[in-house]
């Protein structure tokens, strides 16, 4: 469905980086969920660039809820959230129209859209659209919170610097909700920022790994084979620009374990079932087992750098050098974490509404 | 869609490990594609257990094409392939009905299906169903081959032993098609087998990483955001039992690179555009760039082991020990690679038919 | 999705009239629903041709449940029902390969499948596939019955002869379940049969109108705009071969009413809300209002007749005359009613499971 | 998908009658299609109420294209069209919140959305949203026109008065594009208007039948069983408020014909195949045969009338009388025809793009 994802609860994205507006339509969210515009605003602020470690292009991200909310609550019908583009400088882009920026979608978009694409600032492929994901995700996050389901993402690794892992999931997630730079270990956080600035100073960029935990999901959610929780989440996560890897639980490190280490032993206590380790990331056979769902996303270094690169002028078909102008991020990992939370929340609302019906989120 | 994936070309799976049959329905494949039953058979044989490194349960995998093929060619209407189960021993499983096998879907299936699930041998969650994926995938692989698109998967890592990576994609893929144990480096292959047998000898199991390359895909294929090639492939790949991670191109290793290293410089020669490295795995912005599409899947060690494990009797809600009987695999990585090829081929047929129309695969 | 319909509960059809088998996969039906093979058999017998008013080709319709049923109940995973073709006489068809039978899909299939279609007996377009719909529908009908939802279809008109309409819905639906020829008014039934035989005697065929009622649906089911109950039911009903019109409630006759006549006045009594008339067929704004859902399908006269007709040899591109041989029905209206019940039941299972969750049908 | 329809080309609707705005997102339309804002405006004007025969509420229908258009052409990415609501008078509705207006979705929406729905003026169920369908449809109509595919709808019957049928399809469709009141027979048109005014004068309303023809569709388009042209078109058409019946070709009148009359004889001339009659409405087996696709929609009389009606206060659960205030249409048939054209165009763009690929419409 191209720019629409989800069936019970769906998200439709539209817009271009330098067009009139970007936006999202969320459909199928239960009626009666309180909409807190301040929460949407604060989520958007977590995605916005900050200080020296981000791009100087700062969009105000003023949003308008065009539909689907009445007297402060969801109506159950589609919610369209529009975010007008304000701070656009198209002139930065027009002269480089036919030069493929390495790592970007310029050339692939040209092949797909035959030159009719809005190429300014990445157009429809721009990370700018994730602002609409975040606004929509805020609604989903509120709905999940009402059911005791919480989501948090931290920077597990950035430019080689590692954060500590999740310890107490619930309190860790609470901490993350109050952090602008989502790293538990403050010393690591400082080092990460230094790495970002070091890269920035030479016109370069860095990447990282985001780790996400979801608590409060009931066991027995998800569907076998193609609607597995892993399939649906990874589908959504790989739609986030710059995500090039997704792993659940132990993920790639499971390959070095034996079954006796990788299998999570089960125990029961006080009528609850849990596992002693969580190498399966809370999911067996694609279905939740009641443990926290844990996954990691690889975020590649920002493609735009201020260093000369070899590329191709794909209209004139010739080899050229390319040095990016414009305003850009030396790192987007810290900004992407709220996008990951948001898309995860939307996907889980879809999965849960399919499982328990269209009203469940508001019950 | 639970057990159906794809829209232009779709795959529907059904069956249980110890039921009457398993099977698949492929819909939307172009009319006029030659069906080579010997090729289907040889693909199934690549998935079948072999020798000391696999389970002694060997199903003959005799398949019946019930529909959609006429005079040796696809008709364009749904192809149902049925694989009757023959070598089932249900008695192995009945006594352990309520004990969750660690790493398996027993408990999650129970929570989802409330005890009505066919629990014998993993039921619908059994890796046995991948035989149907392989049979269906053979049709997709043939169709792609006819368009110059080839797919090959090797074992990049197994129990800590690494194979060499892809060098010449086309000839490497050709080599893989002739290997039962898909490892380029024969010394590494021997060591991997030794590791499998070492684990087996102590009742344990091992996992690994599969690396896949697809050549011949035109540039400009895929859709932005939710139908990106990465989103659709990962969706399909995470449906394969035991896959816990998927990464494209550089994947998680990109996190340690700077943008200047991760970006793939573009060059043009003789009217063709290519990149000097392939850290983006042939995909920018979710759309193919004409380079080989390259990805890796983490395959966890087989969950069934012959070592006593802690678990829960989820019906009587008590802690118990569990020691698996039955016939099982000390490793499924070598068998899974043909499943990965197959599901990749089916997904690409879907993507390409959506892009170029329902007849394109046969033109 | 071509041959798959529904999202929460889906039906996938496969097979050709003269191939090895036809069949259906039902996915998403709640676990724990009792499967009564005798009921499936009796439903199939209602679809089968009978006596002088039908084709002499009688398939035994022996079905095999290949998956999704365990210990007599649905497991919640896909149910594949296979019906092998037995009584096929392909030689009847081979000589007329390139002559388009008027009213049939021969020429359109040729244009779509470029000659690779299995043309024997209508191939995949054959009414024969409705046997699989009926077998699958029996499962859905059982599930709905368990929730107090009943469906019945009678022949409202056939060759100009009208039956009486529904009076007491519940008892009328019960009566229909016991009728082979579903007409309330026995005198009208006799006249209809005479018309069928009269047409048959001159090699011709007749059509009719089927009227369906569904009782027991709760109010508030369906979704606005594109998943309206009318949209989804009509989508499914127009997939039944020979259906060329669908109308809900007053349908086309509403066009001759004024609003003051067409609007259904509402009343409440004993805490229940109902309407005094049912011109909207139990649906307002695409959503159920708690009244019986009532609709009618126009079924065109059987296309195959034993009268010479003008047609085209579409391979040799010449005008020819065509006189059908083979075994055929002078009327399919009486056989189609159970197909309408079945596809209606499957669609309602989908709508209800989407609304109330995947377990609701079995609760 | 609730408020999204179509897969290759999809339409997503949002908005409420008295909310901030209504709008549509069209996704999947080929890149490079010229956008003529004047044409969109003129299509919207055909939907707008006119003179004595319509409601005095006249919305200016100023639209904003927020995305997906660049330098006057489609980019291939989602087009969001927003139509702000201006002329809203919410006070008309607040006092009648809990009284179900007969024929409307007030009560069904209340059951579905539990009272959280925006009830003002029908909210999300309002015919007002068809303005967004018309704006989106204008893009689809332009795309089809570029491929030689034309669509026209006339009022076949209104309050018992019949128009003549289509004669020369191409020139008739051209005529319709220039008519505000789409009736071929000018004498019939006058009588229809008199009937509308007569109904209006007593506070009542009238309904009618719309007949649509589509020319220029190639043969071989559509998919068997569930993506048949009839299934997809009827799905979309029944989403249009007030449509209660859909029939193709001869439709319900086929029930009174014999097969020898209903079958369309085929002929060939100059390498083209055609039928002498068009009782199948250009569709056999769900697939186009190259003849004009012809169908009719039953449009019920406007539900809002200025006559006292029996109804229920569904919050207080009591029987009450209801007399509508506000501004309303005595007839919407003449306004609905452009909605039918629009939704038909969007559905055909979906079907054709699925068949021939995402670029076909612009080639």
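Going by the order they are written in, the chains are A, B, C and D; count residues from 1 in each one.
Just so it is clear, contacts are C-beta pairs under 8 Å (C-beta built on N, C-alpha and C of every residue); 3 or more make two chains touch, one makes a residue touch a chain.
Quick caveat: nothing in here was measured; it's all calculated off a predicted structure.
Common partners of subunit A and subunit B, by the touch rule above, are C, D. The chain pair with the larger count of C-beta pairs in contact, out of A-C and A-D, is A-D.
One finds 45 Å separating the Cα centroids of subunit A and subunit C. Averaging C-alpha coordinates per chain places the centre of subunit A 38 Å away from that of subunit D.
Multi-chain contact residues of subunit D (touching two or more other chains) are listed as 1-4, 7, 13, 77, 112, 124, 224.
Across the complex, subunit A meets subunit D through its residues 1-4, 7, 10, 12-16, 19-23, 25, 27-28, 31-32, 64-68, 70, 73-80, 82, 112-114, 116-118, 123-124, 359.
Partner subunit A is touched in their complex by these residues of subunit C: 7-8, 77, 224, 354-358, 360.
Across the interface of their complex, subunit C is touched by residues 1-5, 7, 13, 100, 102-105, 107-112, 124-125, 129, 157-160, 199, 204-209, 218-228, 230-232, 234-236, 238-239, 241, 243-252, 254-268, 271, 273, 275-276, 279-281, 283-290, 296, 298-305, 307, 309-312, 314, 317-319 of subunit D.
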